[in-house]
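In structure tokens below, several structures.
You will see chain A twice below: alongside chain B first, and alongside chain C after that.
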Partner chain A sequence: MIDFGFGISPSSGINLNNSDKDTFSKLAKMEPNVLKCMACGSCTATCTAGDFKTTSLRTAILNLQNGLKDEALEILSGCMLCGKCTMVCPRGINTRHLILSINKIYGK
Partner chain B sequence: MKNNILVIGGGAAGLEAAANLERLGYNIILIERDKQLGGHLAKWDRLFPDGLPAQEVLDSLLDNISNVKCFTETDIQAINILDKSFNAILSNGITVLADAVLMASGFDIFPAAKKEEYGYGIYENVITNQDLEQMFKQQQSISPIPRAIGFVHCVGSRDEKAGNPACSKVCCATAVKQACEVKELYPDADVYCFYMDLRMFGRRYEDLYLKAQKSGVRFIRGRVSEVAQTADNRLLVKAEDTLSSKPVRVNLDMLVLMAGMRPSEAGHKVGIQLNLTTEDDGFFSAKDGMLSLQKSKLPGLFYAGACTGAKTLPDTLHEARSAAMEIDRYIKENFIKK
Partner chain C sequence: MITLLISDTFKAVTPEEIIDRYPNSYNHFVLPFVIGIVFIITYLLIGLIRILYHLTPQDRKKLLKSLVTPKTAWKNIKDIVLDCLLHTKIWKRKPLLGYMHSSIAFGWFLLIVLGHIELALFAPRHLSSLSEGSLYYPIFYRFFIWINPAHETLRGALFFFLMDFVLLYILSGIALAMFKRVRSIALGMRHTTKPSLADRVALYSLWAIFPLRLLAEGFTADLSGGSFLTTPVNMLFKTFFGNGLNFMPTWWLYSICLGLFFVAMPFSRYMHILTEPLLILFRNAGLKVRKPRKGFAEAEIYACSSCGLCIDACPMNVQKKNLKYSSVYFIRFLRRHNTRKITEIANKCLMCGKCAAICPVGVDSPAIRRAHRETLNNKTDYDYSYLTNYSPQFATHEQNTPTTSKILYFAGCMSHLTPRIIKSVETILRAAKLDFEFMDKDKGICCGRPLMLAGKTEAALKTIEANRRIIKESGCHTLLVSCPICLKVFKEEYKLSGIRILHYTQLINELIKDSKLHLSKSDSTMVYHDPCELGRGCGIYQEPRTVLNCIGVLKKAKKERDESVCCGYSLGSLTLDEKERTKLAESCVDSLLEEKPESIITACPMCYRAIRSKASVAVKDFAEAVCEHIADK
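This part shows the complex of A and B:
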């Protein structure tokens, strides 16, 4: 291939037309409460792992809605399943269980 | 002799005030510019938060005004003050001498075509909240069956460039209500709401939000920046998903613009003749913003409803009732000899 001296970097934008909505529906069937998240950020704020490695359930849910599975798994990879976020979620989501389900459905 | 009271505007505020003033024993003359009474209520299908049919509410309001003299398709041609009373010449040639006037001129819907970047009036699948209500009312379905529909909050509201920095209050709940309705009609369609903040302040509004979430409506926090047409006649919508700081694009079959509330132009024309003052937002200014919301600075002239700023329907009805009380007090103090 000819080297033109520049590369093409993939778009950093989100294209909802080709995002994976089917797997998210599967998750929503198993964990209907995931739909109730209102992105308040309490879970992220209280996360014990987050002090050491960026960990955010809020962002993970958003990433999954946007079809960004790898990013979602990465941002949950520090989770130690302590369950502290479950205590603070104002929507009453069993966040710990949700994280387990995300890993079950999306995990490798 | 009964005192005459002129009510300007036959929408929810005017009707409810007229009914209450009639009960208090006054002679009401109500004028309405449109062919029919009811204002925006007559154009709406269902009301948030519970989905009550707008027609039902309107019918109840109309039931109570049987003795009110209503002139539809009528404007104020000229109005001035004579002694303590108001002298109004109507476009139908009738002259009314009234001891008090209630401005219930309401609001106009923001002309969505002004936000050119959204393509209203350019692409036929870009419609407004009001257009969608009309479609619901006429049971007109969207064809072909939509795969994806979006709602844009704050169109012509919270937008200094569009001439309106204020929030229109009702459109968040309207968008969420309409999103639920669309989702019920087309369960397989992806439904998106593009919002900046969700202002679900009223009783049971938050439940409506939760209902929308549970039915799978996707809320994207970010203002739509532009809309373009695709080769297959769909719409390409661009926004930022500000929660993840990433630009987002999606193709939709229909986009519904939540056009906000602007002061009624017809009401403004009457206001000019009486030297009524307005605030920066263009709506009439009340005598004071806390204790005399229904009074104007002009003795004998009162306000009810959205002519003093965006309001929900229940708030408008409350104001109509309290304006009736204020007018009653004013007439008793100024015209009825003890």
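This part shows the complex of A and C:
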């Protein structure tokens, strides 16, 4: 393929200036432990819904920090709140409450 | 002589025995009482209409049907007599509290009934018409009449004695109640509710009513008759005051206290007296809480007696700051429509159900909390489209011959975090030579209970529907569950007619009974932890204990069966953080290690994980413990 120096696919860059820090701090106020997440991925590894559909709390938190609200909501939409992630989280994050709060703050 | 006495007792009363002191049967002092009683009756009627209006039409029909069905009607009568009059539930839990409460409540009831009987026998015309004072006459009977000493009968004297006896019974209860305010622990309560303003008004007027009645009836005892209490009071005070000037003020005060009590009643805890019978009717009709503040829930809220037994019961009370999350305060905030507090408490609760289990009135506050969560979370977005087409590959499916003798084993999400439970259950099923299939071996759909607990009912029904389809398609006759959380929702929401739903503790118990499974007994000591959802949730207390008695020596925990302490990791709580949960787990372990057993056995994957992290002794799952003792026979 000839490299013309530009492409026609949309940019995958993230403009952090667009990320809404206020909303994230609102979330952190409701569930302060979200700041403790070290992205270990235990939650994603055990996820019941993840067996069927890409569901990952770890990615969702990263997405929110990067201002990708819609992506975060989408990746949590299959969650069945079973609570396995809470049981395995090494940081003791109350993941069920976190997911409910994300839905409440960022959802429509 | 005796026959003379008896004939005298049963002879129709000669008109001279009772003479009206007030020919128009009225005195101004009855006014406060009349205002109070009219107010409370009006309030009750409006409240009743409001509650019935907010019930759904199906619920109303259900209620009506239950009232005319002989079985439920009989249960209604039995429950109302046992709970509202005799207070058997409090007697069973705390005998001293039972005595205190029933002396005041049942005693007062007796006074009212006796008063009416007395009036019906001696002055029936005052009971029949309003213009003759039927509203207040039975209450102030002793004020309005004059007993002709020359014609006093044994029957009359019997009533004087009974009334005084009951009054003494009540006064002893009031004395205990006052003592309880100072030292509640003496009556078996570590914490009591902080009374609100209306509570205080009603409480103090209630305390005052009976001593004032003693004084008032004492002052008139020489005119209207008295017995061992009122007559000495009369003689004593006659000598003190020497005149009848104290007469009217006391009757006025008595009437004012009664009126004040009735006016304060709807805003105070004492509304439970009048609401409890309604709650019993609703409960026996099988109604469920649908809205957190209306209809059935309103009956529950007003039936709460604010006694505070739930404060001591709540597992969260290990931290003093969490006392405010008890059901009694939750219901108080519901009464006051304080939404912020209601939400805070509703989300914090573990939903372990202990408060409902020990509640003397039987207020199911976890159900109200769930209903409140529904108003908060039901609308949040979800996408479960992946559930609709999912079907696990069963061995029978491939052969296309669904057998009817199969057991379907649903391990549940949490059991998958503790594979030893699954392995043990499989070993036991194989040892008993049972034909079984795994419903969620590699992957499975959540049972829906966690969603229900979070208030996302709509979403929960989606997962329930998907699982229900899989269970029905499998053609099984028994659904075996190893997680109590799943068990409860399978039993309550799935409507799997024709399929037995068993927890593994039940199945193992049956296998032993049918000699399909043989266990060897050892002399090691163990204690059994009742998981909330299995014990209080599904009423399974005995089966696990029967089995454990076959494999070892079962010790007792400090709190067990329906008083068992939640392990703290319940999915019910939405906002309780890790630190607080740890504290709860520690208190749970403390209760279990009361008699120093060698191991702790539990039958819930969550309790297992929670207790294992805190206990100093070996912690085993029930199936694991049974597995270790399988004998070859």
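By definition in this document, the second predicted complex is superposed on the first by the 98 of 108 C-alpha atoms of A that agree within 3 Å, B and C clash if a C-alpha of one lies under 4 Å from a C-alpha of the other, contacts with A are read in each partner's own complex, and residues count from 1 in each chain.
Definition applied: a contact is a pair of C-beta atoms (placed from the backbone, for glycine too) under 8 Å apart; a residue touches a chain by one contact, two chains touch by 3 or more.
The structure displayed is predicted, hence computed values, not measured ones.
In the superposed model, A:S12 lies in contact with chain B only, and not with chain C.
By the document's definition of touching, of the two partners only chain B reaches A:T59; chain C does not.
Contacts of A:K104 after superposition: chain C is touched, whereas chain B is not reached.
By the touch criterion defined above, A:G78 lies against chain C but remains apart from chain B after alignment on the C-alpha atoms of chain A.
Within the superposed three-chain model, A:A28 lies in touch with chain B and out of touch with chain C [touch as defined at top]. For chain A, the partner with contacts to more residues, out of chain B and chain C, is C.
In the superposed model, A:C40 lies in contact with neither chain B nor chain C.
Those residues of chain A lying in contact with chain C across their complex are 33, 46, 48-49, 51-53, 73, 77-84, 87-88, 92-94, 96-97, 100, 103-104, 107-108.
Put simply, chain B touches chain A in their complex at residues 190, 192, 209-210, 213-214, 216, 218, 221, 241, 243-244, 246-251.
Residues 12-17, 21, 28, 32, 35-39, 58-59, 62-63, 65-66 of chain A touch chain B in their complex. Those residues of chain C lying in contact with chain A across their complex are 347, 377, 380-384, 386-387, 390, 413-414, 416-417, 442-446, 448, 450-451, 454, 456, 459, 463, 569, 571, 574-579, 606, 609.
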